[in-house]
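Note that the chains are named A, B, C and D in the order they appear, and that numbering of residues resets to 1 at the start of each chain.
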Amino acid sequence: MKTKKAAIVGASGYSGEVLVQLLLNHPHAELVAVTSRQNAGQPLAQIFPKFASHPKSKTLRFSEPNAEVLAKQADIVFLALPHGVAAEFAVPLLQLGCQVIDLSADFRLRSAEVYKEFYAHDHPAPELLAKAVYGLPEVYRKEIKTAQLVAAPGCYPTSILLPLIPLLQAGLINPAGIIADSLSGVSGAGRKAEVDYLFCECNESVRAYGVPKHRHLSEIEQELSLAAGTKVTLQFTPHLIPVNRGIHTTLYLAPEKNFTTAAEAAALGEKIAACYVKAYANEPFVRLLEGKALPDTKNVVGTNVCEIAWRLDPRTGRLIVLSAEDNLVKGASGQAVQSMNLVCGWPETAGLV
Amino acid sequence: MKTKKAAIVGASGYSGEVLVQLLLNHPHAELVAVTSRQNAGQPLAQIFPKFASHPKSKTLRFSEPNAEVLAKQADIVFLALPHGVAAEFAVPLLQLGCQVIDLSADFRLRSAEVYKEFYAHDHPAPELLAKAVYGLPEVYRKEIKTAQLVAAPGCYPTSILLPLIPLLQAGLINPAGIIADSLSGVSGAGRKAEVDYLFCECNESVRAYGVPKHRHLSEIEQELSLAAGTKVTLQFTPHLIPVNRGIHTTLYLAPEKNFTTAAEAAALGEKIAACYVKAYANEPFVRLLEGKALPDTKNVVGTNVCEIAWRLDPRTGRLIVLSAEDNLVKGASGQAVQSMNLVCGWPETAGLV
Amino acid sequence: MKTKKAAIVGASGYSGEVLVQLLLNHPHAELVAVTSRQNAGQPLAQIFPKFASHPKSKTLRFSEPNAEVLAKQADIVFLALPHGVAAEFAVPLLQLGCQVIDLSADFRLRSAEVYKEFYAHDHPAPELLAKAVYGLPEVYRKEIKTAQLVAAPGCYPTSILLPLIPLLQAGLINPAGIIADSLSGVSGAGRKAEVDYLFCECNESVRAYGVPKHRHLSEIEQELSLAAGTKVTLQFTPHLIPVNRGIHTTLYLAPEKNFTTAAEAAALGEKIAACYVKAYANEPFVRLLEGKALPDTKNVVGTNVCEIAWRLDPRTGRLIVLSAEDNLVKGASGQAVQSMNLVCGWPETAGLV
Amino acid sequence: MKTKKAAIVGASGYSGEVLVQLLLNHPHAELVAVTSRQNAGQPLAQIFPKFASHPKSKTLRFSEPNAEVLAKQADIVFLALPHGVAAEFAVPLLQLGCQVIDLSADFRLRSAEVYKEFYAHDHPAPELLAKAVYGLPEVYRKEIKTAQLVAAPGCYPTSILLPLIPLLQAGLINPAGIIADSLSGVSGAGRKAEVDYLFCECNESVRAYGVPKHRHLSEIEQELSLAAGTKVTLQFTPHLIPVNRGIHTTLYLAPEKNFTTAAEAAALGEKIAACYVKAYANEPFVRLLEGKALPDTKNVVGTNVCEIAWRLDPRTGRLIVLSAEDNLVKGASGQAVQSMNLVCGWPETAGLV
């Protein structure tokens, strides 16, 4: 299989670190450049000692990000940058013929207006929005394969969209009134020197934040609306919990069909089970839990897997769906690599566990 | 103020430990006996080294629990026992004239049938159910003052009832469709030698459990129904998170009155604020957060305080209410001491912070 | 007992927070002022929501630190400031007649030269060094009572000096070759917005730092040398572990008298036990552990207690002594309050547990 | 390369879990059997949901351990059992021609007497002690290649032996008076349902244990003595810290040659550096840290790497050496796989990172 050269712009954050790890160990991609404004000039292993033992890491050194230089070095460029900044690099890199996989929010939305509403500034490159493909392989596999610009989904969105989209597409749940209650590890906040994310501020603490209008709502609602065929407005509450990595989401849903008898519940349960099996039984990175098992972040951290389980509640008539993923892998860098594999025609699971 | 003598039956679990701490430092109660089947005969400080420096701890030694002996030693007896077992002690202690404050679930329900449905065995002393008072002082202050048997509420119930009851009593929210999503520290599972609660099974992990029918639903729904004047069925999902102590609850509610304009939202917001101020502005152990603040378990752990904040979401039309408490203090032993203070005619805040 | 008015300069760090807590609940001191350059003008409860429920907190608001203003408001001023900065306030406050209790390193050393060696700048007020008393009450109780300027010891030093000083004074151990291996919770690093102390950098991590010459060595060696009557050079290795609060120290010592037989070991053991009993049996804040118990930070966190245990190792001929304390209480603010109690003639344990 | 079949006896503990993970992903070994008395009959993925997505896991089910059955199924058998029990399986498995890699302490010692002293029972198969090879590849690579029975080293021993052996062999340090102060994550205690290892007992806690005579001393002293050519008696203090995985060791050493001047220190430093470079520069799983870097467990967890750094302390004349490893990988299962690779003639790094 033909090897391709990959670069990471903004490689010193937590997503960047996981991208480095995945690409250093990828069977077909070769990591040729890592950039970081603040660490430019330093060897990779000085910032990330854990990569020091990797033979391929020896020659890697952080450089200043420069689109022209990167386009000469790499076939594929990952952008692990803040929103707004990513677009500045995407524009020239695409013009210079690179494949771009952007982990920021810059190209996830189809509407520049919605972008402005949620991110509070004009979209820096609205002409690219139509070109970008939302990098959720379980939904957009075909489109990703031929995309030059992939917008890797956010961490919360992935944990919410994977369990919801099949149910909405199958018309099994009411698209109105959906609630997503999510819990995230602290790495979701990035490697930023802020008091709020100090060890002593997060340890032995749990708190909600961004209530009630978190930025990720924009992309979640866009994709849910597409799946439902009608505008979906979501209730979403993120909470910060003291783990390094992992997102757990609990979804509260109203089945389209009421169930009051045990027979009705059983019939509905069979439809839900069949819907998920059809959607995910052959997906390498979605795990449908069986029996009494419920998602647990410790079973997915370090992997590209999203766990899903569900329960019907005969007392309330609701369907409860639960999911767990690693926010830095399936919620960010792993999913980006999964898209790279599709773009490059490699096995979709190459370099991922 | 007249001192009374207090005893704790089942003092070697986490709630028992906090009870010991509160009673050792209480200005009016004197801790005279602690029982523990497994630790009978051992000095208190051998099991809990942290009490070794307390002058009053020197003479305390765990004894076998015996109702007749306890009734001679103590005026007030706290039962920190599993459900089913607590009633065995409550019956003789009450007959012998003790005040009993039970931290188990045995006397929280008014219906022996509901008890059987949720606890899977016949109620061990149904004749006492009418006599027991639900020990939530913010709601039942008057009744607690004259109760011989107080049933201290569960940890989850306290975090859910305190924010909901005033809204239901005021008719501000629809009693149908309420959702409570709760996160609890591991001490909620008790000091039990089970693999599920080992450090390595809980650390770097988050998981839901008891989905969809947790036992605490029975007492929560009973009290919500009384507040609403109509039967309330609750959706409740507890999650286990890696902190020692603390419960955070996020409530998803439908206001009785829709709000679509900013003016309607403002008007509704004023009503909600006024409702909470009326209910809790003078309560020593409920803290209504202002401005941008949201509840955080680290701000209540070690105290008897329950924090409450709320937000109206104009996008979904919902009211989101959030609360935080220490599951072992306001959610168990602190609230039990608060009830003791009422029963004994002491200042309600005595020995509590 | 006569109440005195207290102020805290630099009250927004972790030591400052604990000082606020202790003084708000102190029976004889009244907290009248808290200063913080960055939070000046804000209510205390906005920065520390957990104090919002405290009745005395309502009127407290952070002010700009100003010695003249403070001297008018307060009888006693606590300085919870970085070294170098503390002296700037101590000088005028002392001149204006205040009692000063400094939690920084500025007045712990008797020699301005040693200060310069370890803190890399000239001492800002060398004329005060002779006036200052090292605020370790178990050793300098008498001197503290009449001191105008108390230098509260560092957190590591307290955990090392309390176990060592009695042994050195009694001549039971060789003052040469002492090793102190210490583990500290992350609050020891202060509430500083630095990447090194982010949750994800400290959680699931343990690392040594400041090897081999940590600044605290200067005050530890000064005090050990005074106790031994000869110059002591210490080997000291601090490690950062993922807990909020707590220091654990393991000391490796050579007894002055060799022991090879069981009888010799028993005889030496009796001398050590007697030495500690004599030094600490009546000390309210030192807990000598008995039997198989070993120090555990979870048994001292939140208290002003230092736990001590020891073992003779017949295989190596060494004496191992272990200690545990809360770095923010006995290692900082609690010990400072203990000194305040002595200075003011109040019971030494007032306001402390 | 020829594939071999591997089995794990006692696969439901923490070491067993890591072994399963390593063998499922190994390029040359095929995991054909996992045994567990308590889980016999259950699918692998029911006990370890995280393996459910692995294609090779589908057919794996825990079986009752039976040496004859295992010998028919597998070429290589890993024993992840308690000491004493492992030997029961090793004896028949060796007779039946299997390669055995034992992770227990049963075959680490050369002397049955020392075994009895430290493990408090007679050695169950003393005739095998001469046959077993201590599975520390960096020291016994040649012997492991031809061994039928490999005794994988303990977790603490690995973290202590790797930094010490080259220094002792080179005669750079005094073999007398060595101190090893170690910190271990809680997984070191195994997946045992004991109150001491509950989340709430370990979180926010640090404590020493096994002071002063831990069982691991026996194998550490055996190997240090062999390296030094003289009997070595070690001071060793293990501590439990609240992380899942990782061991950090700080070693206090006396250089054979005193250094008092800067020139002497520099000369000695060069010798130490050269000694480590010679021993480990080409070792894939030992990482010598440079510059200001110190070992940090977070940089080795999940890998088979042991990090080492050292400092000379001119104030005390001592050499401080620090190491970090993952107790379940380099300290147990990873090292066992490294030995398997040697035994089977595969690349030593196969299946390891």
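Everything below uses one rule, namely that a residue touches a chain if its C-beta (ideal position, glycine included) is under 8 Å from a C-beta of that chain, and two chains touch if they have at least 3 such contacts.
Just so it is clear, the structure is predicted and the values come from calculations on it, not from any experiment.
Name whichever of A-D and C-D has more C-beta pairs touching across its two chains.
Between C-D and A-D, the larger count of C-beta pairs in contact belongs to C-D.
Looking at C-alpha means, what's the farthest chain from subunit C?
It is A whose centre lies farthest from that of subunit C.
Quick check: how many Å separate the C-alpha centres of subunit C and subunit D?
So the centroids are 39 Å from each other.
Roughly how many whole angstrom separate the Cα centroids of subunit B and subunit D?
Comparing mean C-alpha positions, subunit D is 46 Å from subunit B.
With centres defined as the mean C-alpha position, give me the subunit A-subunit D separation in Å.
Centre-to-centre distance between subunit A and subunit D: 37 Å.
Which subunit C residues sit where two or more other chains touch them?
201, 203-204, 242-244, 296, 298
Where on subunit A does subunit B make contact in their complex?
177, 179, 181, 183, 201, 203-209, 211-213, 233-235, 237, 239, 241-246, 248, 250, 252, 294-298, 301, 311-313, 315-316, 318, 320, 322, 324
In the complex of these two chains, what residues of subunit D are touching subunit B?
14, 185-187, 191-195, 197-204, 242-244
List the residues on subunit A that touch subunit D in their complex, please.
Touching subunit D from subunit A are residues 25, 46, 49-50, 52-53, 204, 284-285, 287, 289, 291, 293, 296, 298-300, 302-303, 305, 307, 353.
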